[in-house]
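Chain naming follows the written order as A, B, C and D, and within any one chain the residues start at number 1.
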């Protein structure tokens, strides 16, 4: 006959070292074990979707920077694709290749951050996160070189990209992709992937079954960890991804460890894509001539990209005016987070933190 | 008789601490605080043991009582619900007080009345080695019995607190 | 050539190799001036304590810098480097900042326990230094049961952690406190049983005696007792709340654990006490396993206390290293590790050591023969146990780690679509 | 009997009186507390008082084997540790069955 206990409610967040922003998780705890989890979102709500209805299509691009601020390029790209689809704009080849290059660089940067923060949630005292930051900084240096900003890049434009790459970009990229990052990934491989404690902490923690993953509409590494090979870049290729050769890393168990290893493998695949894209990079213009206050025809468009977090979709409705009539974002962070309760109930607090870290949410995108 | 000034002063300080903390164990209203005062009582008693030149016993006292038993008690207190953590008395408070007073009176009377065979031996220098000898030579049987007792106590405690079934991993019907 | 030079200093107060010359000179002077015995006793105790406390105070200040700097190196960054030369004044600035901060106290906290806890947490770490030998004649209190005293003191610190966690009246703090208690109950056993091997070899619990044993036999205890060293190192890092076992103040899980609610200098005391405890444990390891002040005749030339401090910082570096590199265990894994691995290993170690000591005494052969044999036997035993643990007892997923598969194209299995109603009927769980 | 303030000597009787006082407090706590763990604390106090007495005899009394008192004290500590473990386990077990650790509510001889 077990001791009768009443569960304690513990607020994990909104101010907590491991909620990756201001996200609140109300956990009902029985001893160390979690009985129930309630998610409270909205602490970073900035009403972007409504604000966007008051601004021109071009003016909305900076909003996408500030949604997933760790993957600004992907946000830019997804939004620009949707407007281009709506207005039926042809994008030059060079711009498409540049978009692929920067999108993949952004994926590397975001996954670096996700991996480091995840190990931090496992309890390592800042070291992995600093190492991952080091590699992320190298990528951000390239962003700064190209568009002057590191975090909120605002680089993609409707009909192309804002600036052509400078002369010193390609040598730097070559050094990064062929020398620095592969070495860094080898270090990750030895220090993080093979670490016994991380295996103990992350194996069989926060398991997502394939059924749950599909029914909850998960995407990105969350879905792939459950053993389902799905990638928007293959399923619905945008830009020039249909010309690129790459593989989809897929996990076995759907646990946190699988998600982490998948992210590391995805970074390697990104490097592969970047190498191909650099090799095929054509000349020509980087941007078509699109009026600044573009007025797309009446209609609606949905376009999606594989952002580092998952399927990032933009749904744009135009009433023929200079501003979108309706602007909606399918944020992968929010949808991936929706299974948190299923993943954490029955586990300990420590597991819940690891699980939350492995989902890789970004509260800017979660709350918009 | 101990005649060193410092040791006598130390003894009375420690005795005052011990008795004071023991009184606080009886007086404080919250069980957790009582446990903490009890730990302090144990440490004070260990100090008295050192004065009585029993350094091994004193250190064992700190290790077992202050380190383990009081921690065990905190554990037990925290396992019981918050409502039961009051350090209140039963209806036997007054009889207990009277009985304790009587026992104290009798003990003090006997202590003062008896003619003790006092020796003028100096303090023991180091007791650990000779205690070890004593345990393994004249007292080897009680020593083994004590170890068996500890074993039995351990098994008994495990059996008593064993959960019949593992706690459910997932809550149904939420 | 060295001998005449050494004669110039040996036995005089300027002989820095042995500070006890200095104190002996002071006591001689006091005795000449007619101070009574007890006052000299008190003054000698005061002087020794003053020396140790000032050393600890300096260490607590310096180690903030050391730890941040070393961990900074491991994290491929610089660490504090702005204030003063090499950022050496950073700890001073930290301390001033902490002292200026407002000391907040939860309204519902029992004030006495809340205030006493950081002090009670600091005292044991300092008190441990009383029995630690700094040189051949430099030990403040040569206690016959020094090792037991150390164990008793280190177990006291945990109670004060509980006091802090309980009195904060905060759920995170209480979690930290309960974790500490559960951990202490588990880890006290491997610590005590593990150190028993050392005591059996040395034949004494006096720390000076253990150092002298190592000197006599010309071998560090870590060679004779590698298993005990490993057990003690891991178990004590759990008691110290350092990674990989810092579950009591796991900042990514329970914010700050027992010191979540503390601020200002009360928090500063916890912070300092953590460093002090780490250093005192390093001193214990250096004394028990690494020969203390003795270093293969080097202590004839270099002051023993300098060798000792060097060893202490060597061990301390190990603690910083583990802290800088390893993630944290979960509490059940940590307790299982103590009960299923450390405790049986400690018991095996004690049995083996007891047999060895018996053989040594009964055979009548010299230590010169037996010590190398024991070093080889115990080293082989430790290696076998550790390798066996890693190879055979580790969980399956550690022995055979799985890596992601690679698919060249998308491939979605056709799953039966689950309606929302069905999904909710299953309790919202697929 | 009671030492004058400036005499600075310690006799067996004084230590025994301290032990007796500790014992009386322990007795009171053990008999009067409502909570089972409180009762246990009283018992521990009494055992400590006994230890003080034993060690005092060991230190002061004329004997062939003066260390016997200390040996007994160690046995007392051992037994007390075992007793504490079992008693606390009992308290937890009783709480599991009866949902109380108040001894005046545990008045059935079976449950």
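The working rule: contacts are C-beta pairs under 8 Å (C-beta built on N, C-alpha and C of every residue); 3 or more make two chains touch, one makes a residue touch a chain.
None of these values were measured; they are calculated from a predicted model.
Participant: Write down the chain pair with more C-beta contact pairs when B-C is set against B-D.
Facilitator: Counting C-beta pairs in contact, B-D comes out ahead.
Participant: Which chain has the mean of its C-alpha atoms lying nearest to the mean of all protein C-alpha atoms shown?
Facilitator: C
Participant: Just the number, please: Cα centre separation of chain B and chain C in whole Å.
Facilitator: 28
Participant: Taking each chain's centre as its mean C-alpha position, how far apart are chain A and chain B in Å?
Facilitator: Taking the average C-alpha coordinate of chain A and of chain B, the gap between them is 60 Å.
Participant: Could you work out how far the Cα centre of chain B sits from that of chain D, in whole Å?
Facilitator: That pair's centroid distance is 6 Å.
Participant: Centroid of chain C to centroid of chain D, CA atoms only: how many Å?
Facilitator: So the centre of chain C lies 34 Å away from the centre of chain D.
Participant: Quick one: which residues in chain D touch 2 or more of the other chains?
Facilitator: Correct list: 92, 95.
Participant: Find every residue in chain B that makes contact with two or more other chains and list them.
Facilitator: Residues 4-5, 56, 60, 68, 72, 75, 79, 127, 170, 174.
Participant: Touching two or more other chains, which residues of chain A qualify?
Facilitator: Correct list: 1-3, 345.
Participant: Name, in rising order, each residue of chain C that touches chain B in their complex.
Facilitator: Going through chain C, the ones touching chain B are 38, 41-42, 110, 113, 143-145, 148-149, 151-153, 155-156, 158-159, 162-163, 166, 178, 181-182, 184-185, 188, 205, 427-429.
Participant: Considering only the defined contacts, which chain B positions touch chain D in the complex?
Facilitator: Interface residues on the chain B side: 1-5, 7-9, 11, 15, 18-19, 22-23, 25-26, 31, 34-35, 38, 41-42, 45, 48-49, 51-54, 56-57, 60-61, 64-65, 68-69, 72-73, 75-77, 79-80, 84-93, 95-97, 99-101, 103-104, 107-108, 111-112, 116-119, 121, 123-124, 127, 130-131, 134-135, 138-139, 142, 146, 149-150, 152-154, 156-158, 160-161.
Participant: Given the complex with chain C, which residues does chain A contribute to the contact?
Facilitator: These residues of chain A touch chain C: 8, 10, 16-18, 32, 119-127, 130-131, 134, 191, 193-201, 203-204, 209-212, 214-216, 224, 228-231, 234-235, 247-253, 258, 261-262, 265, 341-342, 345, 348-351, 353.
Participant: Using the touch definition up top, name the residues of chain C that touch chain A in the complex.
Facilitator: 71, 74-77, 171-172, 175, 243-244, 246-247, 250-255, 323-333, 394-395, 397-398, 401-413, 415, 417-418, 423, 428-430
Participant: Quick check on the complex: what are the chain D residues that touch chain B?
Facilitator: Answer in residue numbers: 1, 3, 8-13, 15-18, 20-29, 31-35, 37-38, 40-41, 44-45, 48, 51-52, 55-56, 58-63, 65-68, 70-71, 73-75, 77-86, 88-93, 95, 100-104.
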